[in-house]
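All remarks here apply to the structure that follows.
The chains carry the letters A, B, C, D, E and F, assigned in the order they are written, with residues numbered from 1 in each.
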Amino acid sequence: MKRLDLIFSERELDQILSALEAADVPGYTVMKHATGKGPQTVVSEDMEFTGLGANAHVIVFCELEMINKIKENIRSILNYYGGVAYISEAIEM
Amino acid sequence: MVSNLVLQNVLTPPVLFFFLGTIAVAVRSDLEIPAPLPKLFSLYLLLAIGFKGGIELEKSGLGGQVLPTVLAAIAMSLLIPLICFVILRLKLDVFNSAAIAAAYGSISAVTFITAESFLESQNIPFDGFMVAALAFMESPAIIVGLLLVKLFAPKNRPNSREMKWGAILHESMLNGSVYLLLGSLLIGFLTAAYNPGGVEKMQPFTGKLFYGAECFFLLDMGIVAAQRLPSLKKAGSFLIMFAILIPLFNAMIGVFVAKALLLGPGNALLFAILCASASYLAVPAAMRMTVPEARASYYISTTLGLTFPFNIVIGIPIYMGLVNKIIPSLG
Amino acid sequence: MVSNLVLQNVLTPPVLFFFLGTIAVAVRSDLEIPAPLPKLFSLYLLLAIGFKGGIELEKSGLGGQVLPTVLAAIAMSLLIPLICFVILRLKLDVFNSAAIAAAYGSISAVTFITAESFLESQNIPFDGFMVAALAFMESPAIIVGLLLVKLFAPKNRPNSREMKWGAILHESMLNGSVYLLLGSLLIGFLTAAYNPGGVEKMQPFTGKLFYGAECFFLLDMGIVAAQRLPSLKKAGSFLIMFAILIPLFNAMIGVFVAKALLLGPGNALLFAILCASASYLAVPAAMRMTVPEARASYYISTTLGLTFPFNIVIGIPIYMGLVNKIIPSLG
Amino acid sequence: MVSNLVLQNVLTPPVLFFFLGTIAVAVRSDLEIPAPLPKLFSLYLLLAIGFKGGIELEKSGLGGQVLPTVLAAIAMSLLIPLICFVILRLKLDVFNSAAIAAAYGSISAVTFITAESFLESQNIPFDGFMVAALAFMESPAIIVGLLLVKLFAPKNRPNSREMKWGAILHESMLNGSVYLLLGSLLIGFLTAAYNPGGVEKMQPFTGKLFYGAECFFLLDMGIVAAQRLPSLKKAGSFLIMFAILIPLFNAMIGVFVAKALLLGPGNALLFAILCASASYLAVPAAMRMTVPEARASYYISTTLGLTFPFNIVIGIPIYMGLVNKIIPSLG
Amino acid sequence: MKRLDLIFSERELDQILSALEAADVPGYTVMKHATGKGPQTVVSEDMEFTGLGANAHVIVFCELEMINKIKENIRSILNYYGGVAYISEAIEM
Amino acid sequence: MKRLDLIFSERELDQILSALEAADVPGYTVMKHATGKGPQTVVSEDMEFTGLGANAHVIVFCELEMINKIKENIRSILNYYGGVAYISEAIEM
């Protein structure tokens, strides 16, 4: 089992979730209101009321095949708008 | 006389609370207004501005100066981005130039209501239909910004991301803050027309509470604006100059257009402030989605970090002085 | 005449803001009211409704129509779930049937206050003690729902999860929204009795502000209700029919009971709306804890996605028409 | 007579809502006021208290009893921590003693406004300049607390963490709540002096709404205070005794000082409550940063879990009884 | 050292935390207001004001033995009400 | 690639982020309003309006060398004020 962590701007949340649902992932969890800093941008809490919004942190527990399925689609969104995606190992309790 | 107006403006609660916020950042106080409280005030203000504007619009009808003023306002929101774009292109690429230009063509509702509060404290009358001008200036500037990208952007933008007209119109007209403002305007209009009792009952919420909520929100705006300053420094002196000189320039055009429209001094100031102010709500949201190549820190730090404070502290009284010079008071 | 009432109802600010919210979802505007702001308004409304109801109850005392009306209301909240359960069992399992039945036996405070606003805009008088009826209708329906599960559920529910009476009463009486409503009712009562000055000082908060806060909250309810619609489609046509026809049916019973209680037209409408409305606050919370087998999307999407909008837009004027037919006005 | 005052105090909406909150925790209702809503009310109350105090201060000027009272208040906030420290050292280490002592030298703004509401409900006049005393009592106690650590702490504190004067002053003067209170005081003063129209326009927000917002906030305070009780038990009987007896003792000193200052009964009660109340906003924030060795659960659970409820429920009427005994009414 | 991620409805938070405390876990962190989708349910932010509430994400860093101790108790809660639990490797910094 | 999870009181957030930025980490993500329990303290949501504040959860994806660079500085802050830091494996998607 894998754990996929996606962090990107809230404004792309609908797009990313559509991509996940299109691939029929078994589930996902979304935490909004994250802030942070990346190679491209700084996202701070005080900007949440401007149109820009904060970041979302999405966690997906799924099999590696699933990740391979969604990889390209998600990478293309993240490359365009910014954001990161990391995979780690996990096993069900 | 202008310096006198500046002082009178600075000593009103909204501007004082704005200062309280900026100073909090400067002295590194840990005062903060956590999310989503600023959003609450921002939504409230848009709803209340729209609702009150709708009521006034119903009273005044669409005759007289109303339609010409709104049309002139829309024209300004189409023209200003073009001027800004030409200037910005001297130093910046197409994406950043277009995004910033769009922001300056659009408006800042909080700057507008601070100007209204200033007029009230000076006992200068103004008309409610100016809110309609405010409401209709948000979208056109966004469309111009996106058109500029479409026309002048390097042709190697990824095809899959090509801008579609539907998306452009969607972003410009259905952005949350534009939508809420226009919707509340319509509701205010309908309520005034068909349900005068409802107007009365809304009054404590949209009317009485407004000034205090404005102060609270400006406290937060002070904090946010001051936090933008460091990234402004990174943006460089060209953008800093731009963020101060362009509002002055746009306000001046605005005052002359207002004169041509035969607006009274109060309405003329509001028209000028619409031209001078820049958007940090609707436009950034639209640009983030459609022109991710533009750096958000540029259009946020210029509009929010510099133009906004400049307008509400010094700009309003300066433009008032200009209005007093150019437009003879009717009193 | 009813269509006239519908139009008059639709043109009040609360209903207009509700529409603004639903349309925002329909046109995919990014307008949103982030958590926990809706909770703020929801808590405020419960507190204010309760407090005002307590004051009125102190004024009117428990004599006259008060006690019979409250008792009849409790009886309705016991009876309605039974009727609903029988109907729902035609298509659904015991768990889902019981949970949905409980929701329809209980009430929606926002529907109630929208009906009050409607009456005010029509200048039809009503009594504050109806809030007591509202407050006492929340818990019994939950208890009936849980009893239905206890009696009819397949016997293979895990033993360890057996429902205990303590837990059932706890969930039904001490649910946050029931507790706040009843507590505020009591505080309003005590304040009116022992500290009339306190009533006066609360008035700007619980009284004057109420209408505006209601509008703001209905804007959010419009968004939320519209977002429930897709899952309503999945729920199927049986539940969709149920969510529209049952309120009509319950309102009709309600009007006849109101006639038997000799209530005036205003109170009769409120009684009808208590019967017709369904809970999306207290009941879902209780069901989620005690009947996790029931699908939350069923009882949320019917009550919130369909019955709620139906009631506040068309239901209220239809029930008013019914009241006008059946109960002769005293005026 | 005091028991009569207690009853009268208990039957006011703020205290009743406080009870509603505590009982919610006791009966395990799931009523909760999610973050950051309590922060909203807390910021609002500080802003409104400060603003109103500033206006009053401008009216009364700095002559008469104002300056002596403020100076005496500052002196009390320096003296009380010393007394507390000596007592606390009987059982606790330097860090905890100093942190708790600082909290009791400082003040609780919500206790203060509950006392004001009590005076209003009793029709006992008091002066707005007492808010200035409130505002100036927050910082000195923090400084004394940090000095006590600096002087008496074991010398093996890590060098790198040595307390610097800058940091001490920063934490004591620029803490968010101190800063907002003092800033709003100044803004109220300036507005009253230079822009009386602004005072009028703030009134619905800072004035009318205040009582209701106070009730809402006390509902939350009731929940929070009750949730502190378990950790109070762990703190042991010494701290429990301390948290009840010290307010009584400090209030008594306060009443005598008030007598010496020739304050009227209303002002005397407020002076006593400033001495008796303990801080759970500014001081914990400062101590957390500068004395992490102290256990937060000690200074939070004593001040918030016990002293706060004690003061607003029983303390205020007891101190009033004391004032009535010691200070002859002028009426 | 292990890292345990638990995601489930906020309404079960007290039960889960009691289970953790009963087993004397060295500590835990709770993040509320998470939303998500699982095999059984969809939890969206707009439902937070209904009685249903959002999800909670609980992180526990502890030894494997500890996890074995709490496993059964927690699984029984998650099986009944829904929710997921995943384990991954972690080392103290 | 490593994933570093830091959990500590919000009041130390500026200090920790300064330490991260001083070491030029490629990026970080911050989630505030976390609550929890550790060997030293309990942090509950209702205390967020007191001066104490809640916890922050900071995630850093970076190389091991980076972690070695910031380790000492961060440990010293966490030891003084409380808080935990854990490292796990992650690979970029």
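The criterion applied here is as follows: a residue touches a chain if its C-beta (ideal position, glycine included) is under 8 Å from a C-beta of that chain, and two chains touch if they have at least 3 such contacts.
Note that the structure is predicted; figures quoted are calculated from it, not measured.
A.B. asks: When you check each chain against chain B and chain F, which touch both of them?
C.D. replies: The common neighbours are A, D.
A.B. asks: Sort the other chains by how far their Cα centres are from that of chain F and give me the top one.
C.D. replies: C
A.B. asks: Would you kindly say which chain has the C-alpha centre located farthest from the C-alpha centre of chain B?
C.D. replies: E
A.B. asks: B-C versus C-E: which has more C-beta pairs touching?
C.D. replies: Pair with more contacting C-beta pairs, C-E versus B-C: B-C.
A.B. asks: Report the inter-centroid distance (CA atoms only) between chain A and chain E in whole Å.
C.D. replies: 20
A.B. asks: Roughly how many whole angstrom separate the Cα centroids of chain B and chain D?
C.D. replies: Result: the chain centres lie 41 Å from each other.
A.B. asks: Taking each chain's centre as its mean C-alpha position, how far apart are chain A and chain B in Å?
C.D. replies: Chain centres of chain A and chain B, defined by C-alpha means, are spaced 33 Å apart.
A.B. asks: Please output the residue numbers of chain C that touch at least 2 other chains, ranges allowed.
C.D. replies: 34-36, 39-40, 175-177, 204, 208-209, 285
A.B. asks: Out of chain A, which residues touch more than one other chain, so two or more?
C.D. replies: 31, 33, 45, 88-89 - these are the residues of chain A that touch more than one other chain.
A.B. asks: Along chain A, where are the residues that touch chain B in the complex?
C.D. replies: Where chain A meets chain B, its residues are 9, 11, 33, 41-42, 44-54, 76, 80-82.
A.B. asks: Taking the touch rule as given, give the residues of chain C at its contact with chain D in the complex, in rising order.
C.D. replies: 35-36, 39-40, 43-44, 47, 51, 170, 174-177, 179-180, 183-184, 187, 190-191, 194-195, 197-198, 201-202, 204-206, 208-209, 285
A.B. asks: Would you mind writing out the residues of chain D in touch with chain C in their complex?
C.D. replies: On the chain D side, the touching residues are 8, 11-13, 16-17, 20, 23-24, 27-37, 40, 117, 120-121, 204, 208-209, 211-213, 215-216, 219.
A.B. asks: Of all residues in chain F, which touch chain E in the complex?
C.D. replies: 4-5, 7, 31, 33-39, 45, 55, 57, 67, 71, 74-75, 84-89
A.B. asks: Write out the stretch or stretches of chain A touching chain E in their complex.
C.D. replies: Touch residues, chain A against chain E: 1, 3, 21, 26-33, 59, 61, 88-93.
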